[in-house]
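What follows is a pair of complexes built around chain A, which joins chain B in one and chain C in the other.
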Partner chain A sequence: MQLGKHAGSVRTGSRRGSALVLSLVAVATVVVLSASFSQFASAVANRQTQAVHRKRAFYLAEAGLSEAFAGFSCGKSGSVGSLTEPARLGDGLFWVEAVELDEDVVRLESTGMIGTGSAKLSLVVRRGEESVAALGVFSTGQVTLGPGSLVDAYDSTKGDYTTQADKSGAALGSNAGISVTGSLAEPSVVKGDVTPGTNQTVSTSGSVTISGSTSPALSDTVLPAVDVPVLKLGSPQVHGSPYPLVIPAGGAGYQALTVQAGAQVIIQGPAQVVLGSLTLEATAELSFDTTKGPVELYVTDALDLATGSLLSSSSTSPEDVLIQVPGVTAQAIELRASGPFHGVIYAPETPVVVGGEFELFGALVAQKLTFEGASSLHFDKHLAELAAELALPVVLSWRLVEIENTSGDLSVDPFDLLGVVKNLLPPPSGAHADQTLSVDYYDFSNAYHRYTGLESQFDWNVVKSVITATRDGEEVLFPTSTTSKLGTKKSPGVAPIVDGPMI
Partner chain B sequence: MSCGRKRRAAFTVVEVVIAMTLIGLVLTKLTLVMDEARRAHQEESISMALDDQAMELMDKIAFAIVGSSAESLDPTPAAPFYSGTIHYQISLGVEDGKAVWSDPEVIGLTEDSGQVYWGQNVGAADERIVVWANTVSEMLEDELLNGVDDNGNDLADELGLAFVLDEKAVTIRLSLERERDGGKKIQVTKETTVTCRN
Partner chain C sequence: MGFLRGKGRPSGGRSAARALALGLVLAGWASAQRGQRGPEGSPPGPIARAFAGQRTPAELRRRLCSVEASEIPMLFRLAAGGRLPGGDPDGLAPLDDAERQAVREALCARPRRELVPFLGDLATRPIDPSLRGEAQRLLGCMGSADHLKLLARLTHPFNERGAVPPELRAGFSAAMGAILARDPAALAQVRGLFSESPPGLASSIVEALASLRSSAATRILGDLLGRSPGLDPLLLARLAERGRLRESGTESVFESVRRYLKKSDPTLVTAAVLACGLLGDDGAVESLIDLLDHTDERVRRGVFVALERISGLALGEAPARWTSWYQSETRWWEEKAEVLLLRIERGRGLEFVRAAREALEHRLFRDRIAEAFAQTLQRGGDEEVLLACRALEQLRSRLGVPGLIECLESDDSRVRAAAWKALRAITGVELPPEVDSWASLAG
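Here is the complex of A and B:
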């Protein structure tokens, strides 16, 4: 019986063994499935983490471009950090190299790295253009205002001139002296600042009212040269027909254009027109049709608008008509036409005589300015805003150069890869390339200071307001400024306190 | 007598039947569980693989378009309209002060095969076409071909790849699809918006 029982227990043990095998098979299957799934999930997670690193590197590189562009907009070189000392941002880093491609064209190449991700982006920008329209009424030589002259200001974006109560804010300036004459019958009025050249004065005689400051300029203003478009000039034209001569939109040029009495010439925009000389006889009319675009008129030799002639434009926005005289003409430009004319007249090397019937809405800049009589110049303050916009850099091209993972190993750190110490790297704002800064400013006690030296040795915290500043000779713009640059910078009237290195 | 009626230890028929039934039930249940686990594994694997593929494809499309100019985009459908194809040109840099543009490129969907392709100079002698994926759904997830907006994204009857333009921003919607054993379809949908930088 014992044996039999024993034998029976052996058989029972065998059955338990088969159940174990079944269980093992089931468990093994689940384990294999779990392991393969785990491995697959790990591989997918790895790939997705790498994709996330690439995207974060892309955004870091974009942050680098933004930092460089913001710096470039206010006179910095555009270089931020370097391969050996990049800027630190969060858990990543970036550096931007600025390469001068052409005159005023710069390529900013930003590299961002975080985790295993690396991205390189390229931005090509062109420096902003200098606009003289913000100068208002300005000349590099003497300015003479005769009796009855009126220089005031308005804003063309706020409606018609006559409906605006505030006519202050005019800018009348010169690199030389300014003379204003008035009489009881014909008083002269300037509703704004009159700014003569450095060490120059404003002389007045008779009934003259100047509402703003007459203190001199801080420095001389250099007027940019005019670039005349290269166009084939047609033979001289004398237009005397009762039917208007229409110069259609596009580019056109004549060696000379004379508009005889009673005749009319219409220039349709958008157009660039180059004329050797332009003569408007009495009762002749030159009209600018800017309904489809602006007109730029270049007169290279002589511009004569006779008394009784008419200069007009279809638009009341002065920025739509620009008349430029690039060089020295044989005789002074004579603006004796009847107004009102809305536009900008720029003749940096030629004297301009303004007749008593001429009324200009916009801006006038010349080599020398003489107001013969009761002429009116209404400076459009909106031109200063447009000039500020024009001064900002323009993006020509944005390009994704490369985006990749530097390693398949997720534990790779870009700081280790470049051999830099994370905590010793500068923040983006402190990583801009050092430059020579020249700044005139007021401190918090309103004392006038001047500093010239490396920007890294200058403490901006001592500055209350900036009068003028340059970096490596390039004017520093303050894009966040709420007021546009208008007229010329005035001298504080005292000698500056010259600062040395502060840091 | 006692020797002739020797008792042998054994199960009765009833015991054996019960035991076999229990074993059968256990094995059946085990098989079902194993099969369910295998299906779940397959479904999850396909879903993850599709998600991975969709993310990679979306990045590829987004990084291709981001360097383009909004003016070069064609067509320019604004919601509720969309396009399954987009033509564009990317900036290559600047020469003589002027931007240099790439040859015309296209990203599109071949509806009958569910392929997403990238092409350059399509139709010209130096045409280049690369297939980026071939698992795109016929329609975007939860959308039916019935003339109405079923999935609430302001588009009606949109395909598995849809581009919508809003000024300089291109919204890309993408659904990938694959069948697992048993015919069940698994879909993954991604959406992103890219702003053209030029």
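Here is the complex of A and C:
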């Protein structure tokens, strides 16, 4: 019994101790769990913060690309800031490096950093193309308009030419002089500006009406050369069959193409056609079928459209048909065809003679321009809008190069990491690489100024309006401008005030 | 003119005489204003009188409609020349566009029995392009199937090679196009006219047919292939412009075009290749694959363009990829397609969804797949019909159009919305979601 009692007291003492141990174990477990949970929560929060930093860095890099692209669009190099002096934006920073990959193709690589996040994005862009269609009717040499000539303008997007009341806005220009002749029976009319070359004049005789300005150009216009596609040229063709010769869509070329009287040639778009020479005899017809795409016709040696021949297009949009003559031809190009032709004719190195029955809707650019008689050239103002669009750069590719966290320590600051002082860094707009700026402008007292020098030393606040500007020789576009560039820039007619460095 | 004639006619009374004097004064004043009245010393003719005084184009048209039939030649010359006849041409002011249009409308409104003999007579006279052009325009606005030969006579070739002046060529096409559009019976005469016409007119007949967007015109264009070899490139080009053909009876057109894939002239083969692509001829794919290694670059490029058009895939200019794609497609059609299309037509629920998903991965013979989905539209449950609408939208096949139009009346708003979306995607036409609006496209 005693034994049993003793035994019972031992069991009681043991039970008391176990409660304490159990309590301690429970407390320890809670502590461990709490610590683990705290650790886990901290790790999750850390990861979330790092993810947020990465995302914000990504947006900063995107902002860098946008800033660089905007600058690139208006003639800047595309470089914004650098590793040693990045641009500051909010609590982060970015810099963009521009690398020339090929002619007119540039890679913009933007790095954005904020907190521990770092992102690098790459954009490959191609510079915009220069279009001469906005020049209207233009020649680098002398322009001569005979009696009865009509040069006016319309907008092909606003319906048919005949239905439009406003025919003003034509652009007739030259790098040399311009001569316009009219008579009482056949007055000549230009509904718009006539712009002779620098220090040149417009001479008129007889009944001539010019509704716009005749002041000379600010500077000579340089016409870009024509790139002829490389195509295998077939043997010379003389087409006289009563059945039309159809040149199907795609690429095609002939050493020469002669279309005899009454015969017809149809070029189906989309097509690039190269011809050594093109001759249309009287009553021959060359038709451009652009229902499926535009047609580009290159004529390298001779272009002769005889009186009574016909150029026609299935479309009334001049941008659908482009006739280009790349070099100097042995004889002047003769456009004596009749009927309305909607298209653009570009012959920068060859004189062009326009016959009295020729009626062009679009634009015409030549080395020398002679209107023989009562020909009509209706400049399509929509071409200027298209030219402005074409001048903007084109994005070829975008890619994410890398996105990472520079450190696991959330207290790391990119400014400390790069060793730069946050408050001394420039804002994005001020971080573009410095360039040589050449600008003609009016100040707020309407005085004409000219500045050539580093852009960093020029104060844009003194400018009321810009006449023309280039950065490193690239024309500066003003995307916010509501009007497209039409014709050639006019000279203010006075000598400019030449500015020195302002800043 | 009516006012002047009424008041100016001598009636014997004093008041009438006064009215006549007033009328003559007004007429003289109006003549002086326009400076274009009849020869000096002679009274103005009925047409000149029609132009006298103040009048709107509608009034002028009304007055010109009431002149005698004997004035038709004068009226015609007025429409062609744009100047009032009978006076000194130097002293005449040309008609403005509205006046000239009124003259043309007045001519068109004359009975055919008056106009046709006059035009027939004109066709026998020496060619004056401006008069012939006006005659073409006149026939275009009033002619019917019976007048096609007269139109051809008026546009007779003018040189030894059988060529037609460009302006008459265009005028013929426009007039014939207008007649074909107005008179369905004229289509039946086209083949005969084509056979009888000189070469210079044949291309204009083709252009007129090409301007008509009907399956009958398409079939005639297809039939004309090979009848005048010189005209085949133009026919192929105009057929190609008609886009994807899915009307019944166009298989003959496909076959006619496919024949040209085997020709030796690369220009002709290129034209046929492009036509096959634009017409969406699935049956030509095998022949196109064979042309991938053609010696002429234009043909090869054309084949890539055509295959892209037919398949909707952009596999680039890599012959191996296209060959591989074609082999896998033919294998699928031989081994699996039949069962799957049956499941699409008759299946329900998951079975239908699985079959639809697999079928939509294939781009060859899209119309046959679309046909199966079109069946579903008629017999499927709401969920199946909804999926079928989406599938048809993806397949861009016109075969589903009638069924989709019926779905616009479905009780389920989701089906109606999906059908409307598919219809717009397939036809490229923006119309409201009402059956009546789409009825003309039901085919």
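The rule is simple: the second predicted complex is superposed on the first by the 469 of 503 C-alpha atoms of A that agree within 3 Å, B and C clash if a C-alpha of one lies under 4 Å from a C-alpha of the other, contacts with A are read in each partner's own complex, and residues count from 1 in each chain.
Keep in mind that, in the parts below, contacts are C-beta pairs under 8 Å (C-beta built on N, C-alpha and C of every residue); 3 or more make two chains touch, one makes a residue touch a chain.
The model shown is predicted, which means the values in this text are computed figures rather than measured ones.
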First (chain B), second (chain C), both or neither touched by A:238: neither
Contacts of A:310 with chain B and chain C, given as first, second, both or neither: second
Chain B versus chain C as contact partner of A:251, first or second or both or neither: second
Which superposed partner A:502 touches (first chain B, second chain C, both, neither): neither
Touched partner set for A:105, first chain B, second chain C, both or neither: first
First, second, both or neither for A:403, with chain B first and chain C second: first
Partner chain in contact with A:29 - chain B first, chain C second, else both or neither: first
Touch list for chain A against partner chain C, complex: 162, 232, 240-252, 260-264, 266, 268, 283-285, 289, 291-292, 310, 312, 339
Sites on chain A touched by chain B in the complex: 4-5, 8, 22, 26, 29-30, 33, 36-37, 40-41, 44, 47-48, 51, 54-55, 58, 101-102, 105, 107, 122, 124, 126, 395-400, 403
Of chain B, residues touching chain A in the complex: 9, 27, 30, 34, 37-38, 41, 44-45, 48-49, 51-52, 55-56, 59, 63, 66-67, 90-94, 96-100, 197-198
In the complex, chain C residues that touch chain A: 97, 157-159, 161-167, 169-170, 198-200, 202-203, 228, 230-231, 233-234, 236-237, 240-241, 267, 270-271, 274, 278, 297-298, 301-302, 305
